[in-house]
Each structure stands twice: as C-alpha cells, then as structure tokens.
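Here come two complexes built around subunit A, the first alongside subunit B, the second alongside subunit C.
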Partner chain A sequence: MKKEDTVKLISAEGFEFVIHKDAAMVSQTIRNMLTSPGGFAETEHGEVTFPEISTTILEKICKYFYWNLQFASGKQTEFHIEPELVLELMMAANYLHT
Partner chain B sequence: MMGGICSRKQNQPVIEDGVCRAVSRRYGKSSSSKWLTNSSFRPTVEQPPGGAGTCPSLLELCIYKICQSIDKYSSFSMLPRDVSQQIFNELVCSNSLTDVSLEAFRDCALEDIGLGEYPDVKDSWMGVISSQGSSLLSVDLSGSEVTDSGLALLKGCSNLQALAYNYCDHVSEQGLKHISGLSNLTSLSFKRSDAISAEGMRAFSGLLNLEKLDLERCSAIHGGFVHLKGLKKLKSLNVRCCRCITDSDLKTISGLIDLNELQLSNCNITDSGISYLKGLHKLRMLNLEGCNVTASCLQSISALVALAYLNLNRCSLSDEGCDKFSGLTNLKVLSLGFNEITDACLMYLKGLTSLESLNLDSCKIGDEGLANLAGLTHLKNLELSDTEVGSNGLRHLSGLKNLESLNLSFTLVTDSSLKRLSGLTSLKSLNLDARQITDAGLAAITSLTGLTHLDLFGARISDSGANHLKYFKNLQSLEICGGGLTDAGVKNIKDLVCLTWLNISQNCNLTNKSLELISGLTALVSLNVSNSRITNEGLQHLKPLKNLRSLTLESCKVTASEIRKLQSDALPNLVSFRPE
Partner chain C sequence: MSGQKKRSFLNEAFKHQVVFFQECVEKTWKILEHAIHEIYNHNLSSFSFEEVYRHAYNMVVHNFGEKLYSGLLTTMTYHVKEMFKLIEAAQGELFLEELNRNWAEHNKAVQMIRDILVYMDRNFIPSTPKTPVREFGLNLWMDVVIDASKTRSRLLDTLLELVHREMSGEVINRGLMRNIIKMLMDLGFTVYQDDFEKHFLKVSADF
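Coming up: the complex of A and B.
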C-alpha cells in the first residue's frame, strides 16, 4: 500500500500499527485529527500517538476498524471481544468515538 | 378477531402530546440519544447490536458484552460517567437490570435514571439512585413501588431537574414534602396519583423553577392550584381527566402569564371558567376536549393572541356562536371532532388560512361546507371521517397541495370522485376505508406515489385492483380487508418492500401461498392474515421476517403451539401473537 494511503498509530508502549487510512477513519476522533485544517502534526505526518492506549487494546481496535469496513461491504460476521479486555477497550472506544 | 375489525380509530394522532418540547425527558448531555428514547418501548427480547443491518460501534459491542455478563462486575464507578450511563441505559432497555446489578452503579455520577414502568423498582433501589448525588438530573420512577421513605432519599440530589413519579400508589401527602426543597426542578410529573391532594400540593409551592407540571388523572387536586400561584415560570400544566377541576380552579391560575400549554380535557369546566384565562397572552395550546363549554367560550379564547393549537373535540358544540371562530386567525391546529356543527359553521373557518391541521371527525358536515376549506392551502392534515362528505365535495380539496394526511373513512365518497385527489402529490397518508370504494377508486389515485400509509380496510379491492399497488412503492402500512383478495392479488404486495405493517385479514380465500409471496417483506413488524385458509404448514414461510413483533392469524387453521415454535426457532422479536 502507498504511504500516503496509510496512517501510523502508536501505542503507549511505542508499538506502531500501520493501517489503511480508510480503516483508521472509522474512528471519528482520528478522522478529525487527520482532516482538520488546523495544521495538527498528525495531519502532516500521518502519525498518531495514543499515550493512554496499550498495545493489546490498540491492536484490537485496529482489528475492529477492518471488521467495520467488512461489515459495511456486506460481510457481517461476529466481532469477538475477550472478556478481560472489555472494560479497557470500551474506554478507548469511547475516547476514539468508535 | 373482532377487536381487530372494530378498533378503527386507534391510530389517530394526538396533537396534544409533544407540542411543548421545551422540557425533554432526558437531561444528561453526555449520553447518546439513541438509547431509551421512549421508555414504554422496551423489547423483551434482546437483540445484539448490528442486528438490523447497521454496523454497531465498538462502544456498543463492548456495552453489549458487558450487559451479557453483568454479574461479573461489582462497580462501574471508575468508568467515565457517560460510559456507565450507557451501560445503565442498555440494561434497562434490555430488561436485565436487577437490584443486584444496580449495585454496580453506586456513586457513578449518573445523570439520568429512567426507570419508568420498569418492573420491581422499590425503596431498596433508592440508595444507589440517590448515591448519584448532585450529578443526578432526571429520575423516572413511574409505576414503581417506591414509598415516602424512598422518596426521602432524593432530598440530597439537589440538582434534580426532572422527576416523574406517575401511577404510584405508595406515596402520601406527607411523603410529598420530601421534594419540596428540590428547587432546581423544572419538570414534575405525578399522573394518576391519589395522594396529590390540595394540601399535598403545598409541597410544590417552593419549586420556583418549575416549568412543567403534569397531574393528569389526579382525582383530588381541586383547590390545590392556590399553591401554584407563585410559580411564575410555569409554562405547561396538564390536568387532563381531572374531573375535580372546576371553574374556580382556573380563577386561581389566571395570573400565571407565562403559561403556554394548558391541558384541561375532560375537566369539569364551563364557559365562565374559560373567561379567567383571558390574560394568558403567551398561551399557545389549549385543550378543552370533553369540557362543558359552548361556543360562547370563543369570546374569551379570542383574547388569546398567541393561541395556535385549540382542541374542542367532544364539546357538544352547535353552530350557534361559531361566528367567533373567524377571529382565531393564528390557529395552526383546530380540532372540532364529534360536535354537532354543520356546514354553517365551516363558513367561519374560511379565513383561518394559517391552519395546518383540521379535525372534523363525525361532524354533520357535507360537500357544500368543504367549499370553505378550499383556500386553506397550508393544511397538512384533514380529518373528515364519519362525515356526510360525498362525491361533490372532493373537488374543493383539489387545491390543497400541501395535504399530507387525509381521512375519508366512513364517508360517502365514490370511486369516480377520487380523481379529484390525483394532484395531491404531497399526500403520505390516505384513509379510504369505505365499503363503496372499489378497484376503480384505487386506479384513480395511482399518481399518489408518495403514499406511505394507505388504508383500504373495508373497500372492495379485488385481485385486479391490487395490480395498482405497484405504484405505491413507498408504502409502509397497508390494509386491504374487504374480502376480495386472493393469492393472485397478493403477488402485487410482495414488491412493496418498505412495508412494516400489513393487514390483509378477512380475505377468506388467501392460502399459504400468500405467506410464501410476502416472505421477502423483511421489514414487516406487524402482520395480520386472520380469517383466511392459512394453516400451520404455511408458518415456515414467515421465518425470514426477523423484525416481526406482532402476528395475528385468528380464525385460521393455525395453532398457538406452532406459532410459539416459530417464535423460538426463527422470530426472536415476536412479542404479540394470536391465537395464543
């Protein structure tokens, strides 16, 4: 995939997830960061750091982004959530408007 | 079966609800509005998010997951308030909140506790509810068993803005005192509460911010309005069906000049009582349905310059004195149904050109009178059911291009006159439930392609008439129950994919083939094919109708046990069915 079509999401531990921009835009919060004209650093570098989201949770969120895109294209499967992740994941989802 | 046939007037719009939206039911700003928009609609079967085809958000999925294993959580107080609020709402929505799971919400700073009509709510729940403290903005405990001592716990929730405590029999005059200090209350609702006596209402006298007070069906409030005199911010007062309210009570509230909504239907009020309202210059809505008033009260009503909504249904009005209607030129909604008025009265409505809704249900009006409505071009709703309107009247309606809803049921209109309606392309809802309407009538209105609701209940529509249904692709509800439809006619219904509500009962030749034909109408929420040749074997065709909530197959060779089997196998949303 072309670099301009991707975005880098960085977890609290510094782990980097490179995903399609389309997928990341599922999050309203990320969408705002990447598209707002105010000259956010995020807009320019295509990079967003989440100091409060752990790697495990951020990975799960990326999986959700792609699951959401599949759902929209008609492939409606179940999205599995491990019980031990659910509270932390929920808070992140709330923050990301996802 | 008979119930379905006889209850022809159940879906009439009640304009009195929702006119004043100044005070909404929910107060929290942070919570998502898609949850619990209406407390009375609470599905008993929980559906996972995304079931209806829209992609669930991750937050929704997490909340659903939590609710599924709610027993594992002992406290949500570490969560952000808006998140715990959504979990709470989802538990209420899915009927899975219990006194045990409620405990996890202690000290969560929730803003809205909407437990109206929720089962088993009692005093023991009030500890957690009151622990929300100053965060709490709205509480609905309607239908609960909460008593005086439970109510006392709300004292500490000093920011409470809305309290609903309808249909509660366990509170006393004494208990009401506990809310007298909640001076931030803007909305208070105590429907059908016998504890609210004139003396009990003393507790309201200090609620100086109160904007909305609902005492519908309270039987002992006569004389209590004296305690409302100081509530200068009061905008909305509802005392519908309080027979105890008399003219003297209206005298007491004549100084509440900020009132903009006053619901007095079925009170014991006469013309002289209405005269006390003359100073209410901000009054926008006045509901006098079923009161003992005559057209003489129009004299007083003419003084209400802001009045836009007036309901005088069932007041035994005659033509005498109706000339005063001509002065009410600001009216947008006028309801005159079930009165003795005739065409002579309609003459005085001619100049009410702001009217958007006019109800003349069961009045003694006919074709000539309708000529006076021809210039009311802002009309969106016109109710002419059970009148003497016939073939010559409809030409007067041809120019009402904004008309969205027209009811001609039980009138004398004929097939050939319906072509006069063919230009009313804004029409969304049309009721032609009249025996003399046939296929030819349906053919005359095929230009009304925007129709979403079409009622041909008693009309004699046959299979060839059903061919015309293909023009009405936007239909969401359809009734054809005249007896003339067979499976061949139902073929024309199968493409109406927007249908949520379908009644083709009383067509006794319909067979299982019909069910097969409509099995693709997956949006259907309600289906009635009573009095037909449907059998148990036909039920399998209904399996794709996942949204079905109501199924009626009376007087068919269908057994309750087979429907139950269908319900558990394939139709989780089915909550009401006949036979049962």
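Coming up: the complex of A and C.
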C-alpha cells in the first residue's frame, strides 16, 4: 500500500485509521475534501480529523467503505450493524454523504 | 415512570445543545465568512476542509441555513464587485486579460465554496426557492460584471477589434479570445448569441 494511495482518518478520541483512498471516496464528503482545488490542509497532508465521530463509529464506517467497494464489484454479502450504533451511524452517514 | 424520566433527561440534554449552538452561531458564521474571504484571497493553507464543512453542516442542521445563505450572498457579491473594479480600471488590451483572469478566479472560488457548502446545497436549498451556489455564481457574474453599463459594449468592441485585426493579418492572442468566448458560452448560449455572435457575423459579412 503506497502512501499516496491512502488516507488517514482520525476519530474524536485520536485513533487513526489508514485506508485506501478509493474506499474513503465512497463518501462524497471525503471525496470533496481530497479533490477540492486550492490546497486545503487535508489535500496536502492526506489526513482528515473528525472531532465529532467516535472511534467505534469511524471503525464501522471504514468497514462499510470496503464492504461497499466489494458489493459494487459483485461480492454481495450482508453488512451487519449493531442496533445500538444505528442512530450515531445514521448521523455520520448524513454528514459524510455516504 | 423511569422511561418518562429518561426521555425528559434526553430532551434536556438536547435543548442544552441547541441553546449552546445559538450562542456560538455568530462565531461559526464569522469563521465561515473568513474562510470565504480567504478563498477569494487564495490563502487557504491554514484552513481545514473538515472544520469549515462541519461549521456549515452545523448551521444547516440547527436551522440557520437562511443566515448562512444570505451571508454567503453578501460576501460573494462584495468580492465580485471588487473584481469588477479591477476589470473596469484595466485599459486597452489589458481589459480582456483582466476579465479573463478574474473570471477564472471567480470560477475556482465558486467551485470551492460549493465544495465546502455542499451540505447546504443538498439539504437546504432544494426545500426553498433559492438558487444553488454554482448557478448563483454565474448569475452574480452576469449581473455585476457583464450587465454593467459599459462592460457590455466595451467587451463587444474589443472582441470585434481583435477579430478585425486578425482578418487583416495581425497575430492576436487566440487563447485569450477563446477563453472569453467560452465565458460567454458558460453564461448561457443566448448570452453568447446576443453579445457576440450576431455582431460578429455582421462584421464578418461586411468585411
């Protein structure tokens, strides 16, 4: 995994998730962050901090990104979501436009 | 009983958050306003996309979309007016170049504003009769720059003069010409037809 192909997502508690850019760009919001012209801090450093998303939720989101890629390429499995995460996950999805 | 208690507790917590946000909405808007100014000044490296996007998101979520939108209009109008002053002040050949340069900058700025305010574009504007950011950017350029009393005739005269010079065998800056024509096309096909094509065809026929 080359560094240019990855992006670091940092949760509210400071946990870092390094994932592929392709996966992260499942989220329209992250796509905009990484492709917007004009050099925002994120484009330059390849890392994004989410002070309002907790580690548990962000982990689930990263899993979802990869699941989404797999699903799009034909491997159709189920994506399990724990009921207690649903509300927060929905809010995050709305925010990330996923 | 305990269920009821829990609910009121949640409500309390939520209310608190809303009140809290109302207090800092001014501050949030100031940050966003500052960011928009910096976009037009090409000085964004200190900004985090996530931060700006989150502020815009919070304003829309807490029902301050109206304030965000009207503030955006004021700020953008201010900047386009500033650009117009530069364009108006440019003399002769420089006029087209200045126009082209500012148009490119304005376009880039609109694109970036759209990127950071995309949440508003997506969730607030469709529920109101307002124009989305990109279209508003074009309209604003049209109203402030192109529709200004002198620009229209000046632009046409300069373009036709260039055409005439090329027809007489001089070398002109074709790239610049192309960009300006493209600008007219971007503003709408009728704009291109009314402001350039008709006159251009007439002049060419005369030639």
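The rule is short, and it goes like this: the second predicted complex is superposed on the first by the 98 of 98 C-alpha atoms of A that agree within 3 Å, B and C clash if a C-alpha of one lies under 4 Å from a C-alpha of the other, contacts with A are read in each partner's own complex, and residues count from 1 in each chain.
Here is the rule we go by: a contact is a pair of C-beta atoms (placed from the backbone, for glycine too) under 8 Å apart; a residue touches a chain by one contact, two chains touch by 3 or more.
Being a predicted model, the structure only gives us computed values, none of them experimental.
Student: What is the contact status of A:A72 with respect to subunit B (first) and subunit C (second): first, second, both, or neither?
Tutor: In the superposed model, A:A72 contacts subunit B only, not subunit C.
Student: With the two complexes superposed on chain A, say which partner A:P37 touches: subunit B (first), subunit C (second), both, or neither.
Tutor: In the superposition, A:P37 touches subunit C alone.
Student: After lining up the shared chain so the two structures overlap, which partner does A:A12 touch, if you call subunit B first and subunit C second: first, second, both or neither?
Tutor: Once the two structures are laid over each other on A, A:A12 reaches no partner at all.
Student: With the two structures laid over each other on chain A, which partner does A:M25 touch: subunit B (first), subunit C (second), both, or neither?
Tutor: neither
Student: For subunit A, what residues appear in both contact lists, the one with subunit B and the one with subunit C?
Tutor: Residues common to the subunit A contacts of subunit C and of subunit B do not exist here, since the sets are disjoint.
Student: In their complex, what parts of subunit C are in touch with subunit A?
Tutor: Against subunit A, subunit C makes touches at 39, 42, 44-50, 53-54, 57, 108, 111-112, 115-116, 118-119, 122.
Student: Taking the touch rule as given, give the residues of subunit A at its contact with subunit C in the complex, in rising order.
Tutor: 28-29, 32-33, 36-44, 48-52, 95, 97
Student: For subunit A, which residues count as touching subunit B in their complex?
Tutor: Per the stated touch rule, the residues are 61, 64, 68, 71-72, 76, 79, 81, 83, 86-87, 89-91, 93-94, 96, 98.
Student: Looking at the complex, which residues from subunit B come into contact with subunit A?
Tutor: By the definition above, subunit B touches subunit A via 50, 53, 55, 57-59, 61-63, 65-66, 69, 72, 79-80, 82-83.
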